[in-house]
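Once you've had a glance at the structure underneath, I'll fire off some questions.
Chains: A, B, C, D and E, in written order; residue numbering restarts at 1 for each.
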Amino acid sequence: VPIPEDEATEVITVWAHAGRESERRTLEAQVRAFEKANPGLAVDVTFIPEGSYNGQVQAAALAGRLPDLLELDGPYLAAYAWRGWLAPLDEHLPDTLKDDLLPSLLEQGQWRGQWYGMGMFDSGLGLWADRHALKAVEARIPDGPADAWTLEELQEILARLASSSSGGPVLDLKLNYGTEWFTYAFSPLLQSAGAGVMGEDDEPQARSHLDAPASVQVLETVQGWFQAGWVDPNLDDAAFTSGRVPLAWGGHWNAPAYRDALGEDLILLPLPRAGDRLVSGQGSWQWALSSRARHPEQAAKLLAFLLETEQVLKMSRANGAVPATLTAIAASEDYGPEGALRLFAEQLRDGYTRPRPRTPAYPVVTDAFARAFRDIRHGAPVADTLEAAARRIDREVEANHGYPAN
Amino acid sequence: MAVVEFADIHKAFAGQTVIRDLDLHVAEGEWMVLLGPSGCGKSTLLRLLAGLEAVEQGEIRLDGRVVNDLTPQQRNVAMVFQDYALYPNMTVRENLAFPLRMRGMKRARREARIQSVARTLGLEPLLGRRPAALSGGQRQRVAMGRALVRDPAVFLMDEPLSNLDARLRGQIRNEIATLRDRLVTTTLYVTHDQVEAMTLGQRVAVMAGGILQQVDTPMTLYDQPANLFVARFLGSPPMNCFAVRLRGESGRREWELAGQWLPLPIDPPEGATHAGLRPEAFSGPADARHALQVVVEGVEALGHEVLVYFTDEQSLEGMPMAARLPGQVRVAPGDTLTLLPDAEQLHWFDASGRRLATLTHPICAFSSPPDQGFSSDSFWKSTHQVHHCPWK
Amino acid sequence: MAVVEFADIHKAFAGQTVIRDLDLHVAEGEWMVLLGPSGCGKSTLLRLLAGLEAVEQGEIRLDGRVVNDLTPQQRNVAMVFQDYALYPNMTVRENLAFPLRMRGMKRARREARIQSVARTLGLEPLLGRRPAALSGGQRQRVAMGRALVRDPAVFLMDEPLSNLDARLRGQIRNEIATLRDRLVTTTLYVTHDQVEAMTLGQRVAVMAGGILQQVDTPMTLYDQPANLFVARFLGSPPMNCFAVRLRGESGRREWELAGQWLPLPIDPPEGATHAGLRPEAFSGPADARHALQVVVEGVEALGHEVLVYFTDEQSLEGMPMAARLPGQVRVAPGDTLTLLPDAEQLHWFDASGRRLATLTHPICAFSSPPDQGFSSDSFWKSTHQVHHCPWK
Amino acid sequence: MNAPLGKHPEHRVAWWFMAPALAGLTAFILAPFLLALGMSFTGLRLGSPLPAGFAGLENYREALSDPAFLRGVANNALFALVVVPVQTALGLALALLLNQQFQGRWLFRTLFFMPVVFPLSLVAVIWIILFAPGPDGLLNGLLNAVTLGAWTPRDFLNDPAWALPAIMVTSIWQGTGFQMVVLLAGLQAIPRSLYEAAAVDGAGPWRRFWHVTLPGLRNPLIFVVIVTTILSFRVFDQVRIMTQGGPQDASTTVIHEVVRAAFDRGQVALAAAMSVVFFVLVLGITLLQRRMMRQEGGTA
Amino acid sequence: MNATLPRLVFTYLLLLLCTLVFFGPILFMLVGSLKPDDQVLADAASLAALWPREAGLDNYHSVFERVPFASYLASSLLINGLIVGLGLLVNALAGYALARLRWWGRETMLAVVVAILVIPFEAIAIPLFYQLSALSWRDDHLVQAIPFVANPLAIYLFYSFFLGLPRALEEAARVDGAGVLRTFFSIVIPNSKAAFASVAIVTFLFHWGMYLWPLLMTTSESVRPLPLGIASFHTLPPLAWGDILAFGVLMVLPVLVVFVVFQRWFVAGVASTGIKG
């Protein structure tokens, strides 16, 4: 990307994850538009592959080489903020912006009362289903988040589906996804059951949350599905599209491929609830200002530009995620009141989602949880496994003295 | 012990003929030395017999049985390799035991056999060592031992001494000679060292370019070489060979040497184009009328004898002529020296290099008085004492 | 060209003394041959002079200047290595050019020098080849050339011929002798081959066990060996040495050989405990009253001479006694042979092995008539003709 | 060269020769290793603003009580115990096969060696596909065909019993070519005359192999065994890409645990402690191996 | 000693089997790289795995579109060129000093090199990263190459090789008037081609797939090497297997060329370096 090099220009450095092609194109176009609107400002964007994004950012941060503005994966925000790599955004952004923002994003972007992260979009988690198959086993089809299946209900449906498909797998849990998926996709189940991976800010520990009886029970249920052979290993990521299974634990990003595959038969359902109320997943890429930013004002200006409704919608169209602002949602085809994916927006807007643990220990947390989940998948005793994971997490928290403010 | 016969053997490597029409008969218990320059096919012949190379044409027989198609381990031959080929990972004892173990000999008998061979070769103190810890001479003896320890039909030895230094070579040559007389086993011994051939062979087969030149006792080879090649291959310095130039009538003939005409007391055979004279056929400074005056080109004083070199234009391949003078003579290059060549010791060859027999080759032989202790078949034939013969 | 001096040199490897108290002076332009058995320290001495080993004690001087602390490239010596050490990555021309380039000689002069050396050694057609494409003899000549191409203070040659086969060795020995006489440069030449030593050395330094035994001309070494070691090291077969046993009064003395008592016409020197007799001091079968009758143990018929071995209980280290009989004698092991030893050629040694001078050592020398073409300083000193002397 | 030591310039020259490498080794291996050693006694965490503080042996205690780390050590040992002999035997077999006279040796040698030039990360990706679970997987399909349908398809990489063996297979596939080339070179260095002597002495092919080939390959064998052992304690890429150490740590390795601790969890001090323990272990094993091989043969 | 016909047939059968085992997966990769993404896995269990039905270069196009392949390749070549080139010089010099020169500290240094041999890079990556970060040296080609130039394995291989080199050559050169350095360059190096070739190949192979270090040390696209490119394909599923395989093929191609060209020397070099236990 050629950068105009005359002396009057100030160059804002930006790191972004190299998502899909369309996403990258869009961001580049937005940046050019910003430059055009702000003569004297130039933006230098570096795209970093998702697979290595965290490693790269950490390495650069340690080396004191962070750019002005960078993207980061939502749940890592606390870790970065605690280490002092990020600058609070409050002073740089107008409060009016907050009012229009999805509450999930507000929650995700804050830590210890300060605002560090600002997303252009959020993610949606749910169950994809094949209408025919559900009909065939006479399953109830929920209308919205409020009347999600219970876990038992889902289990029963799975059993019925399994018996009608002569014992083969009937559910896709996206076992082919990486570490972070497991925390993202399955920790909401624990939260719905009244437990969770960790307590909230006032009780930052995993003990008696992750290994609480409710957690154990939920994951034992899931383990039962594996043992029954209902879950497809999905190495080719085509378990649902190829029709091998009628149900898939998935998210907004699956929409295009699934629509192509099932067309009118595709339906989107909320996750099952393990307790009284549904809890679904949230959190995606967020923009943050580096504490070492050399042009914080200009970077904030860029950020504000990116959060303009028009830009938010452009990005949402490019990557299919839920737009960050209520205004944009209302204007969105998919997520608007009549949109096919409105469930995702509703979940985020109406408080059915909870962020993953907002703690500087998050890298350890997610590592421990994912490892535990994978072990459980292969038949490890659930209670012991969760207890060990909880202990691992708490040891880390203690070793850091509970992450005192600095 | 066996009779070895090569019949009409022909061998080529990649189209290149290495051995041509070879017939050779080795008698039971005979030591046959194969002598020839490097690359003449000596090793190949041995390897054919051992079964390490395939016979393409002709037959090899051991005691009359054709062995062409037997593997090495089926032929009962023992071989001493030029580079010894001792098993580096085994001690001397294990090296010696190996061929016996391969043939399934029982432990006790094996030990006895090894002990006996080790004693014969003086290897007893070395039995526990690895080949790497042995000197060249010791290795050679172990290699020998590994062959001797068996009781093969034939021994094959491929230049077993060529890797040793001069002094050791002489010493081990003596040891081998002793062994040869003790253990009577048919043996083919390859060398390109003519001293070894002369001292070790009962008969010597001289090869050149894959062709057998002459097979005979060492002395016959020395005295009656079948052709120029054999003549010049045996003897050190080699026989002085030159294109012969004659003049005068029979009875008053003269021959040319180093540009001087000398009387020729005998008639050369018909068709003689070349002649040869061994270095010892010259005798020391003489006042004789027909002595040869030469300008000395080179001198090698060896203590017990002096080799004097001079030039003859007619000499084959421009080699210098050599005269062997016993004792010690102080002579320097550039000096003029008077020598007396013994024309009666001339060897004659035709244009193709073949030897021509002289009808009258006077030899001054005097048998020693039997009561002086000579065995009946030993007699003196000293070329040095020829001039003491009464008719001279 | 330079004077080389080793003064009180002492060298040890890992505590093992290899050279002891060595003093040696090599005159300007002299060819000094270092002769000795394997491991006696010859190479070490050369390497000390070349700067490849550190001098620990003593001094090495080139033309009076102490060079102990100079690196090899600071000493102006040229060396011919035993295995030639030709640079395999360079052509013959480049090999020859290397030492000149290292000394910064200009291209044109270099070329001229290489051409001249190549011509001398007959290397011209080989200049473009790599060492791998050369025969053993050719490699040897290139190695020689690489030393000759320079104009060093000293030439060092470490067994340059030992890797060649017997025939080639003889030939190149001659070539080297010619070179030696042409290029007069101080040279140290290492060998353990006594023929080389005798034929190439102006003086020969005999070493054993790191100690210099004797430094002298080859003939002096042969005729007057300083001790038993030198006596038995030079000559092939070596001098027959034995513990001497005498009886009778002066004038009617007798000595024992092979168990038989023979008259001793001379008086042995005081303190003689050992004596030595060269193989050529025996002469052929004689009817003489005091002839020696021996049972032949071994025979080596070499064509021009026969070596006969027999046993003497008194012989040092139980070595067989050897007699060299010129010509050809048909004698087999087990035969009885009558020999006439020449007692006047006996060498005498004391208990420590040192040579004892005989006051009266009769030598039958006859100078040749000057008009016969002998140069004035050459004269015969043939031990074989001793018995023609009038007083015998 | 034995040139004069003392005041001679060679001493200085040697240091000049050594200097660049020494600087590199010191700056980029020795210093970081010492730093790691130092870090292992602190509570240092990646990027943590807290003072690292002295932690004593805490990290070592934690590492040695971490079942994943211990499993890693055990897995590494098992890996070495299986892969080193199997890979060496295979390499030897291939070398023997290629040491015969036939047309196209060059081609086959290249083909067999080819996996060696593949970066492990790529090898891992290929083998993930080959190990694909269910009847659609290539290996499952192949085994099914070979056993005439008796084979039940498995999910190799997610089966606690199969994950480590699967990684072993991958490593063996990738590494055998190297062994083969080294041993082939060794085979060609065995003098022909030794085989001939053995044949003449009455040894058949099997005994020639036993008494001539194997002893002749001693040094190359030692070399490949030591190198393979060192490498098999470094296994990481395959694990990271194929199984992430799972399931239930069944396929984790020490280095994988080190990397997880340091990079995934930011526990660099713990990772450093693990590295130090590991270094001591491997160095010990290597030295032991050397000593054993050396003594056994006398001259190595 | 000569091959008989049945034996030859048996040999070829074995060779064929081994070819299947060792080349099969590679062929699978090659073929897979020519197939549409979804077919790669679908075909895996049938013979179609080794036979492209709808072959096309689409995946290769896609690779060139998704990543700046040329830039990655150039970086990789530059980095490896530096590592191998400088490494040969530096390590050969050290190996020579250890094998041939006499100096105080030689024995110690040899022991250090052998001990260092067993330290895996992953174990020191973080401290090294801290170290270099303190110098704020990152994100260029040099930082990816220089730390790997001095290599204990290479030093050890050179050391073993030089021990076996005939000493006489160097002594001859010294006597001929060459200094230590001159001897090394004019005599030792030209006669150690095999050793240099095999050390070059080994170090090249070792570093060509390097992932962790560039990941830590680079951000700019222009200095990133090939292995980081793989990360670009590890995005959200579905994984584009065809693209990944195509990228893999492109990534090993240069190594394969290097190997095939130098293989003769490599084998000879291994024979002469590796032989010291």
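Going forward, contacts are C-beta pairs under 8 Å (C-beta built on N, C-alpha and C of every residue); 3 or more make two chains touch, one makes a residue touch a chain.
On a predicted model such as this, the values are computed, not experimentally measured, just so you know.
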item: Least step count from subunit A to subunit B, where 1 means the two chains touch; value: 2
item: Both-way neighbours, i.e. chains that touch subunit E and touch subunit B; value: C, D
item: Copy-to-copy rotation for subunit B and subunit C - C-alpha atoms, rounded to a multiple of 5°; value: 180
item: Pair joined by the larger number of C-beta contacts - C-E, D-E; value: D-E
item: Subunit D-subunit E separation of Cα centroids, rounded to whole Å; value: 15
item: Length of the line joining the C-alpha centres of subunit A and subunit C, rounded to whole Å; value: 95
item: Whole-Å gap between the CA centroids of subunit A and subunit D; value: 39
item: For subunit A, residues contacting two or more additional chains; value: 55, 62, 235-236
item: Subunit E: positions in contact with at least two other chains; value: 1-2, 41-42, 130, 171, 174, 179, 230
item: Multi-partner residues of subunit C (each touching 2 or more other chains); value: 47, 51-52, 71-72
item: Residues of subunit D defined as touching subunit E within the complex; value: 1-3, 5, 9-11, 13-15, 17-18, 20-25, 27-33, 35-36, 39, 46, 94, 97, 100-102, 108-122, 125-127, 129-130, 132, 135-138, 140-142, 144, 173, 176-177, 181-182, 184-186, 188-189, 195-196, 199, 218-220, 222-224, 226, 230, 233-234, 236-237, 255, 258-259, 262-263, 268, 271-272, 274-275, 278-279, 282-283, 286, 290, 293-294, 300
item: For the subunit D and subunit A complex, residues of the former touching the latter; value: 43, 45-50, 62, 67, 128, 132-134, 155, 158-160, 244, 246-249, 260, 263-267
item: Subunit C - residues contacting subunit B, complex; value: 37-38, 162, 165-167, 170, 173-174, 177-178, 181, 192-193, 195, 198-199, 218-219, 222-223, 234-237, 278-280, 284-285, 287, 293, 298, 300-305, 309, 320, 324-338, 368-369, 372-375, 377-385
item: Subunit D residues within the subunit B interface of the complex; value: 191, 193-194, 196-204, 207, 211-212, 215-216, 218, 297-299
item: Touching residues on subunit C, where the partner in the complex is subunit E; value: 47, 50-52, 71-73, 77-79, 81-83, 85, 87-90, 98-99, 102-103, 146, 150, 156
